[in-house]
Each structure stands twice: as C-alpha cells, then as structure tokens.
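Multiple structures are listed underneath, in structure tokens.
Both of the next two complexes hold chain A, though its partner changes from chain B to chain C.
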Partner chain A sequence: MLSEKTGIHLSIDQGVRLAPILTNETEIGGVRLIDEQVRYSLRFKPEDIAAVRKASQLDLPANIGMSSIKGGQLVLRLGPDEWLLISDLSRALALKQTFATLSSKFTCSVVDISHRNLGFIVHGENAENILNTGCPLDLSLHVFPVGKCTRTVYENTEIILLRKAEHEFHVEVWRSFAPYLSRFFETSVTDKAQIRMGARDDK
Partner chain B sequence: MKNFRKTGRGRIRRARLISFTFDDRQYQGFVGDTLASALLANGVHLIGRSFKYHRPRGFLGAGSEEANALVTFDRGPGRVTSNVRATTLELFDGLVAYSQNNYPNLKFDLGAINDIFSMMFPAGFYNKTFMWPKSFWDKVYEPVIRKLAGLGPAPTEADADHYASLYGHCEVLVVGAGPAGIAAALAASEKGDRVILADEQNELGGSLLSNPEARIDGQLAWQWLDKSLETLWLRKNVTLLSRTTVIGYYHDNFLGLVERLTDHQGDINPASPRECLHRIRAGKVILAAGAIERPLVFAGNDRPGVMLASAAQTYLNRYGVAVGDNVAVFTSHDSAYETAFDLSDAGVKISSIIDLRADVSEILLQQAHERGIAVLTGTVVCGTKGRLRITGVRVAKFQNQKVSNGTEHIACDCLLMTGGWTPSVHLFSHSKGSLKWQDDIGAAVPDMANENTLSVGACNGTFGLSAGLEEGSIAGGGGNPFRTEETEFGTGQTWQTLPTNRDPSRIKAFVDFQNDVTEKDINLAVLEGFKSIEHVKRYTTTGMATDQGKTSNLNAVQIASKAIQIPVQKIGLTTFRPPFTPTSFGALVGHRADDLFDVTRKTSIDGWADDNGAVFEPVSLWRRARYFPQGNEDMHAAVARECKATRNELGIFDASTLGKIEVVGPDAAKFMNLMYTNPWTMLAIGRCRYGLMLHEDGYIMDDGVIGRLADDRFHVTTTTGGAPRVLRMMEDYLQTEWPDLNVWLTSTTEQWAVIALNGPHARKLLEPFIDGIDLGPEAFPHMAVREGTIFGVETRLFRVSFSGELGFEINVPAHYGRALWEKLFNAGKAYGITPYGTETMHVLRAEKGYIIVGQDTDGTITPDDAGMSWAIGKKKPDFVGKRSLARADIQAPGRKQLVGLLTTDPNIVLEEGAQIVATPGQSVPMTMIGHVTSSYWSTTLNRSIALAVVKSGRAQTGSNIYVPMPEKTHEAKICATVFYDPKGERLNVV
Partner chain C sequence: MLLIKCPYCEEERPEIEFSYAGEAHIVRPTDPSKMDDTAWAEYLFIRDNTRGVHYERWYHIHGCARFFNAVRDTISDKFIMTYKMGLPRPADVEIAKVKE
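This part shows the complex of A and B:
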C-alpha cells in the first residue's frame, strides 16, 4: 500500500456540468467552465502595498475594483485590504513559496481557496445580457471597463465579476452555488435564442 | 350582422381577416384589432356584468384604463387569464375569450337581482350585515360573497408558461411613446446617451395613432410617426420597448417594466418566455404617460353604449370602427367636439352634442353647424334608456344652476361623454413626487419631484400636440424644432355629480364602474362620519378595483370634497401604488421557480450519496444525506443499522457542510478570546478545543471544534446553518469594535470536503493512505489536528469525535472529495464500513449528550443552562456575552437546565417539543416546567433516550417528571445527559 502514498491518486471533479446550449459556440456566445486553478485570498494593510509588491513581484493592482491580467494569472483588488489571486496550475509551487515568504515578512493573511471557488468565462456578444439576467450592475463598457472587477450578486448567489475583454467576463462563485448559477445562465441563453426582447414588431 | 367598419380609416391590416370566439360565438376581425375593437366592429357593445349589481356593461374606454370590459382570455390548459381588459387584448387568429360574472349567460344574468334590491346594498353593507354569528364569516359569508362578487375565476392549473427577467441601465428612460415621449427620446438620444422608450401599447405613437389629421413639420401625423420611429430605431443607443408597461417607479430611479412577448401571438411556442420583467436603473426619467378622459357622473351613465369620447375617436381612427349609427355626445369640455366631427366626417350620424356649458366657443359651434350637428348648450343628461344597449337619453335645460323640469328624449345607440381630462400622475406619485391642484383643468398635476424626473405633455397638465412636443423635446435636452397644425385642444369644466331634475335618492350615477360605487355611496360614507378621503375610499371601495380608479378617482375626490365641505385642494388624493396595471405573478417570479426557486447547495460527495440511495433532508441551503436505506428499510431500521455499525465497526459520514472560517493574523488568538467563551492563548499548535460562541445577550449562538494550525492561524468550524451568521458577526465585531486587531477572516467552508470516519476501525483504515502524520494514539491524541497528505493530496486531519467513538475528520480540497470518499469506502469494506447520514449522527451524539445548537438550545439557553460552564474562560477579561452572563435574571435560580430523560417504559420515544410537568394529575392548563429537545430510539442501549430542558433540572436528577400527550401521560426519570460510555473510553480504542 506504500505506493499509494506517492503522487496524487485522486481525481478532480469541480462538480458542475454545463448544458450544451451554454458550451456550443454560437455567434451570440456562451459560457465555459474554467479548469482547476490556484486561488489565494490575500489580506494585508493597504499601506504595505508597495512593499508587498516589491517582495512578491506580484502585479498587485493599486485601485480597488481593478485587476491585473498577465499570462495565466489574475490579481483582483476587491477591497482596501483584500486581493484575490487566480492562477493556472503551472505557477502553483512558485506561488506557494512566494506566499510563504510574504507571510513571514508582513502582517498579512494568506489563505488557499483554490477549491472554494469555480470560475466561468461568459463570452460573446451576448455576454452582458447573460450576466444582466441576474446581476443588477451596469455592465456597459464605459461604466464597467476592461479590467474592472467587483464582488456582486447574480440572483441568489454572490459572485466576483471581472471584465477581461469587451465580450469576455470571468465569474467566480463558491463551489456549491455554481450549478444554480449555470442553470440561470442557461435560462438566459435559452430565452435569448427564443426571442429578441425589445425587438421591433414585423408590421 | 351589421358591420361597423369604416372604409379608409384605421391602422388595421385589412388584408388579413381573422376569426375569434367570444362566449363561444365566432366573429371576424383584422390583424391590428383589439378584442374590443373587433367586437364593436361586429356591433357588440355588451361585454360584461358589473361587480356588485350585475348590471349590463359595455366598453368605457379603448385602453388600459378600461373599467368594464374584463374578460377571461383562454389559451388552453395552464394559460387561462382572468380579468384581462378587452381593450388591450390584441386580436389573433383563433383567439378565445369569455365574459365574466354572469349566470346563466351574459344577456340573462340571475345575479342582476342585486340591481333591483340595490337599496339593500349600500356602502359598508357587508361590514354592517355579516357581523353575527362571528364564526359564520370564514365558513359561510365570505365564500358566498366571493362567489357572487364579480371577477373572473382564479386559475386552477399550474402556469404552463415561463417568464424572463433582465436588469437594464440607461441615461434616460422615457415612459410613454406619444408625441411628447417621442420628442423627448429624439432629443435625448441625439448625443449618444442610452435611451429607453417604453410604451404599454402594441404600437408606439400614443395619441397620434388616434389623430391622423394632425400635421407635424408639414407631414401627416402617421408619416411623422413612422419617420421619427425609424430615426430612433436606427440609433444604436435607443431601445424601443412596445407592449411594455412601466409597472412601478421605485427609489433612486429604479423602475419595473413588464414586456409582454407572446400573448399577441396565435401560435404558442412553449420555449418562449411569455413576459419579461425589465428592472431598469435610469439616470433620468421622462414621464410622458398622457392623460385619461374623465367620465361624467349622471343617472344611467353605465349602460352599454355609453363610453368616453376619446375612445370612440380611437376606435374610429385607429381601428376603423364606428361605435354606433346614431351617436349622441355629452360633454363639459371642448375636446369631445373633435370626436363628434371625426365621426360625422366618417358618415356617422351625430344626433346631438349636449353641452353642460352655456357658453361654447363660436368656432366649435360654427364647425358643428357646417356639419349639420345640433348643439344643445346649457343642457344636462338626466337619464338614459335601454337595457342591454342604450337607446336614448333624457335631457333637460340647465340654466342659472337650475335644471328645468321639462325633459326631452333624444334617441341614440351610443352616448359619448367627456368630463375633462386627468393627467396620469401614477408613476410620478410612486416616486414620491408631490402633486398640486390645477384649477383650470380640475385635476392634480406634478409639483415637486423626489427623483431626477420630468413630466411632459398631458401627464403634466400640458395639453395639445404642439405644447406636448415642445415640452418633451426640451426635457430631452433639445429645443423646439416642431411646427404643428392641429385642432385646438380647448378648455372645459369639471363637475362633481351632475345636476338633475330627478330625485337623487332614486338614481344610480356611477363613479367607480369596476367596483360598482355610485355617487350615493360616497355621500353616505361622508354622512356616516368618514371625513378622510382614504377612509371614504376603503369604506366605499371606490378606486380599489383592478383599475385602481383610473377613471374614477378624481370624480370621487370631488364628490367627497363637496360632501365634506373641504376644498378639493385640501382633501388630497388617495395613494397610488404599483403596479400601474394588473401584473402577472409569473413576471414577478421570473425563472425563480422549481429548481431555481433558491440555491440547493450540494457537497462534492452528494453525487455518491444520490447514486447510493440516500434519503436527503434540507439543512439551511444545503441538502444532506439523512440515511442510506438498504432494501426495504424504513428510516428507523436504517438508522439502527447505521448506528450499530458505527459503534461496533466503522461508519463514514459526509461532514463537508460544517462551516469553516480561517482566522489568520498576529492577533488571531486575541480575537478568538474575544469571540468565544473559551480561552485560546494557551492552546498548543496542533491541538483542538471545543468553542462556544454567545450572542451579546449571553445566550448560546453557535459552537464547533477549533484547531490551531500556527501561532497566528486557527481553523474554526461552525454549525452547518450557522456559518454565514458566525462570519458576519465576527466581521461586524472586527470592523466596528476591534479594528485595531491585526487579523483577517476567510470563509473556507467550501474549500474543504470533510469526511468523518467514526468507529473502532477508523485508524486502521486510514493509516496506509496517510503520509507525513504519525497516527499513533500518543503522537496524535484526541482533539488534535495535523497536516499531511492522503493519497498524495494535502489534508488537514482532525482527530475529533461527535459520536463518542474513535474518530477522524479528513479535510481535503473540495474537488477531491468524492474520489477520496470512494477510495476510503472501497478500502473500508474490509472493516465493514457503513455510510451514515445526519439522522444517525444525531442519535450517536445524543447518546453522548452532545448538544446541537438550535435543537437543544433555542436562543434562551446560557452555557450554564446547557451544563457547559466548563467552556467559559473564567480568567478572561472579556468576550462577547460575558457582561450579560452577570445579569440578575441569568444568575437567578429556577432557570431551565439541560438534562437527560429516561422513560419508565423504555419503549416510549417521547415527542420532541413535548411539554414537561412535575405531577401528572394537575388540572388543565398544567404548570409546564420544561420541554423535550431531543428524543430517539437508541439501538446501542436498546431503549429510548431524550434530552430536555427542565426548570432547576440538574438538582432534580433521579426524580420523576411527566410528559402529558393526547393519548397518555408518560413518566420519565431525570438523569445525566451522557447515556453511553460516560468515561469516554471508546475514544481511545487502539
């Protein structure tokens, strides 16, 4: 049985299955589930930002509600003392070391929340519409520009919303709320496919 | 059947003749008709019976203000809608509708007997009559009254449709697409601002649709309309929403709009949503809601064929339908003349124009004369004739405030009336804007706005095409680029009850057509002492029908004002409330039904439980496996088996839903000392402690095992349901009371899947798969936590027990949860592993006397009440709730305390919640000294056990108490709360 102890012998399941209507690539867009990511909640005093940035080499956004997007790594500033880091698995080990160093040097809190959240990409020309089915924010480009992020709601779920491109949003949600959220996305896409609301009467 | 269509008039599509049925009779109409216009084209005026007196009624209006023409719209099973206004119901091929509130049929209705005995049904009749016996109200009076009172039946089948919703934002929302609204939208959208123009009707255009002769910028109204809408349509920043009712105007320019998507379509597409609720946040709101024509209050003003003059104009010009062959017009306002002239020009005979006013503009008289229409000035209608349709009116001279006795009969098949115009201030009032009385129009108009909103056109008391266009355009940020040619809107008078030469006590002059409220009812209410307009409204029910008094409110206010003798400016208006027109529940619910009613949270292991036949129960938002029945087992049998297996061999349990909070920072221990009753400073790294959390009031709020992972890091667990409120309370205290502490809180509930292994074989199963942790009993004692790996995945391994057996809780990152469960389950078969659910967990913990917060505590239990004074750090200077524990009543003797109960008959399982008394023979009501909080059959002990709270219970250990139940009073002995293994030896099985 000793061999069981080396290497990971458990399979990953993020626990959500998207309906075909979401994943089929159509011109109006859809929803993708992001593969497993590394996620950290990073908390420290706002006045330490320059020093933390220097020590960690992390691209920490300076403004609340803004983000940095570099390669496979996102850093979102969600509050005065709160940052969320999301990265693909390739940087997992490096990040672990970075945060071990930070924890020893700064008054801070680093918590691994990799499996707490799931990430969705909502994309296509219909993306704003899919999100506005349940999210009350104004998502027009001039109000919610590329790079903006915030903690908000989508119907009965709390989400974190980040605009990565004009027609591409990243949505973070707690694991057990994800099936409900994706079902709501589904209703939005189905409705949209059925009828164009506010369309002109073909008189 | 006679056809009332007029060639060359209307916007209907005459190329498409379609069929529909009303009360099982087939008729024909055109695309573009409403049910009302199509019926009128077929000469049908009788549309329904009135609410209370069952009087025959016809169409009063042509739009959403309609009070009479409520029908049942039937689109098949699950798609039947009652009380739909026939005037807004768009016609399609195959439409089916029925009249309401009549038996056996619309023409001969037995309920009309109420009309004959109407003197017996004055205002407040029900309140006065059905008072005794009191018990009759629920069972007899109310059901019968409801059956007789006249609206359509509520649907019995589930709604077959579904409903969409969207949030939206714009810089300018324009409500109403009449000329003022279109002008506002044109101006507001010029510079790229997002503009939404919404209108409740199927076509945008408002009054222009009924007024094709007017000219704007040299173009006929409809040409200008087409061109303007095309301009708006081509602007990407403009959204045009037709069939969209703005139902409510809420705080900070947040408005609810309901768009009807399919009700006008003949073919039902079940995949398409029926309606969409748009929730719009607007920078600025421009209200261009128009005005509603006001009926005149005179005897017999409710007969089929009596309708608002503007409605007749709309039926003629928009739908190409003449409302009669021989039409009389009764007015106190110039605007009715235009309708009379339009009808006359279309070849309809105008029998006469009866004008209350002695002085009428020479121009109007001249135009009437040119058309050969007789105008009777200074004349009043004193009565109408005709049962199912008006056949004539009785008029008398009205001069020097006196009505002459002589009456003249004028034959007609339709009587149009105009009593002035009421600006639609409903939405402005929703937004808490104040109103002011404007004497010249006899109506209230917007005064001070409470939101960033402007009212333009007729809803602002600004009548006439030119003035409306100008006001709209300026509100939209433009100038006034329009030149118009139009008929002068003119002026008029508003009246209360009209003078008559008949005995006022013997006539019925209706104010509120939908609720059958007459002028007499309002006067009676005032006579009986109701002086506030809000009280008059409720007593008479005027303005309380589904139309919310759109056509009646101002007449009612003016009649009440006269009766109370308070000027109308001071009497005020009743409150306007959303929705503007009746709204389907479906639109408000949207997709939040069935599986989307609320979130059902599932753990990563839930799928395995589902595959293996688990029965689930909801615990806060989570669903949890309650037990795993095998074969034909019921819950009792399954739980007995699960309990036995766990005590004797090995049980596996999904504990993932436990709340988890990571408390991190140099002040973590200090913070924990303040939040929990227990002391934390000396807790060693790698050790756990049971933590008890109180509310400020000193009562138990939550509990859980807390492990210390580092000097500055605690892994806190909470109850499943308590997780959100514990984190919220922690954050609340941290941010408001102790912002100086360097500590942060992160919810990790969903980061970790938690598998609890309980039973003598737990260690043996686990050992081979764990790396980096010595599981030996000395190296890893009870109430300890270690970090290592299991199957190569990082784990936080707790040695804790909620069952009293040797126990481990394995935390792994959530996405690995099911895979780990399956590996352990398969390997555990060698040890007789048995999955168990929450029910078994409850029994096992009760056998050990472990409390469940919220079951054995109820928000009034202190730590001492629960026998947990040991959990209080006596030397700590402060913690949440400490001060309250020193209060006199918390310290007082005689409080309820948690105890164990053993029934004298071991087979009796007491009912949870049952009351406890000291002696059995008391007379009812007995003196209750406590109640049962937990009660189970214990397979382990082969008898029942219970936990209870009893006044001074601990001091009574060994004595008997009694539990009176309906069939029998049970006897039980008070005992200690720990029923099984009181020394805790089983925790240390090697």
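This part shows the complex of A and C:
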C-alpha cells in the first residue's frame, strides 16, 4: 500500500508474515494489529524538557512510566531521557516539521522508527490475563493504572506496554519479533477462552 | 521470582527485565598508556569476588535502559539496596540500617 501522507510503500505487517494468525477473537478478549503509524524515538536532555514542551507543543509526560494521549497521538516516557511518540499518519508531515525545528534548537536525538515497530491492541475483559501469560508485571488496575506505560518482556520478547483503558492495552514490538509474539498471543487467547468457558481445566 | 528495585523507575520489577553488569565502583585509570601490562590486566580482569555484601552494577535493559548500582548479599542473594549511577558507595552504617 502507498501511504498518501508519507509517500512510502508499506504493508501493514512491514515485511513479516503474520497471516493467517490473529483471527482468533473471542467475546472475552482478543488481539488485533494496529494500522500503519508514525513513530519517533526521542531523546532530550532532562534540563531541556520544559523548553522543548514550549517550543513543540508536545505533551511530554513528566514521570517515567507515564503517557499522554491526545487525539491520535501517544507520547510515552520510557526512561529518564527517552520518549516514544506514536501518532496516526495524518500528523506525519506536521511532526516532521516540528522535529526539524527542535533538532536545530536543542541537543537531542530524534529518530523515525515508524517501520521498526508493529503495534497490537490487546482488548476485552480477558486482556490482563492474556498479557500475564507471558508478562511478569502485576497488571491489576491499582498497580498498573490507565495511562501507565513501560518497556518490559512478554515470553522473553521485549515489548512496550501501555494501558489505554481498563480492558485495552497497546503493545509495541520490534517487527522481526512480531510473528513470534503474535503466535504466543494466539495461543494465549485460545487457552484463556477455553479455560473461561470450562472446556479446559487450568490445574 | 526475584524483584529488583530500579532507582530510576522507582519500582520493584521482575529480575528478567535486568541484566547483570559486573562489579561496581571500578574507576577507569585516567592514563592507561602510562600503565604496565600487569596493572592494566588487573584493572580489566581482576575482581574481588566478595562473599557477603557486594557492590555491583545492574542494567535495566528491558525497562528504562539505565545502568544503576546495587548492594547485594552474595550469600543470601538478597538485594540490600539499589542506587543511581554516579552516587558514592553507601557507607557500612547505611547498609546496616537498611538491613534491619
């Protein structure tokens, strides 16, 4: 597919084979692939944050593990000086201009990683369980509230996890790990659904 | 599973997110070219291998991607405390306090 906004040829699965998996949606939970997105890895000096916010109108979260969600644009703070920006394609050109200005003003690193990652949405009331099959974090709502994000692991694959709503998680993964990850999701969705419906005993 | 507190994330996180990075507080010589081979080899390879309280570096590779320092008891494998990179080695009194 040709992206009208960026003029780049791109298939959603970005060169990795994901079909025909991820078809196993059940009424209590499922995983789906997110459409093409714009992604930037941003590194700013901590002392420049206030000035960057002012110059770019970007909503950079103040604390590690927090995120801001505005329209179709997510900004996740992953570390002391590291942010990940994910946006829909409509803002691609505007972002490009913003970052051109920023990098002329500040000592920073701005890298377009749109095609390095793939995004999944894990949703449904079973979402927490699906993720906990491979992720060791405590995902209960009071520990991992809506808006919290972090880099972590799922079945030894590095992922970036963001809770968008109580029953909706955004998972980012490097594209070469995506087939592996999506197979685990597939298994996990099926297993959890079966356990829930009493078709299989977990013990 | 062992939980390790990352001083940057300020959270206890599962061990699988971390990677061990050797003994801490080893200062790189300012002028290696002036050192003889024995001294240089000692800097590179010779470590204390302490039994008991050990100062070591850890890397929160699948998290905030930061190195930090930790004090761990090598006998019980318990983490006594973790602290940010660049901070001085905690004094024995401080460690004893945390242990209690």
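We take it that the second predicted complex is superposed on the first by the 170 of 203 C-alpha atoms of A that agree within 3 Å, B and C clash if a C-alpha of one lies under 4 Å from a C-alpha of the other, contacts with A are read in each partner's own complex, and residues count from 1 in each chain.
As a convention for this text, a contact is a pair of C-beta atoms (placed from the backbone, for glycine too) under 8 Å apart; a residue touches a chain by one contact, two chains touch by 3 or more.
This one's a predicted model, so the numbers in the text were calculated from it and none came from an experiment.
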Touching partner for A:T150 - first (chain B), second (chain C), both, neither: second
Contacts of A:I64 with chain B and chain C, given as first, second, both or neither: second
Which superposed partner A:E158 touches (first chain B, second chain C, both, neither): second
Contacts of A:S176 with chain B and chain C, given as first, second, both or neither: first
First (chain B), second (chain C), both or neither touched by A:I113: first
Of chain C and chain B, partner touching more chain A residues: B
Chain B versus chain C as contact partner of A:L78, first or second or both or neither: second
First, second, both or neither for A:N129, with chain B first and chain C second: first
Overlap of chain C and chain B interfaces on chain A (superposed complexes): 136-137, 156
Complex interface listing, chain A residues touching chain B: 1-2, 4-15, 36, 41, 43, 45, 81, 107-117, 129, 132-138, 140, 143, 155-157, 174-177, 179-180, 183-184, 187-188, 190-191, 194-195, 197-198, 200-201, 203
Residues of chain A that touch chain C when the two form their complex: 64-65, 78-80, 82, 136-137, 150-153, 156, 158
Chain A-facing residues of chain C, complex: 1, 8-11, 13-14, 16-17, 62-66
Of all residues in chain B, those that touch chain A in their complex: 162, 164-169, 194, 202-203, 233, 239-242, 244, 259, 261-262, 269, 271-273, 276, 278-279, 281, 591-592, 595-596, 598-604, 607, 622, 662, 664-666, 742-744, 746-752, 768-771, 789, 791-793, 812-820, 823
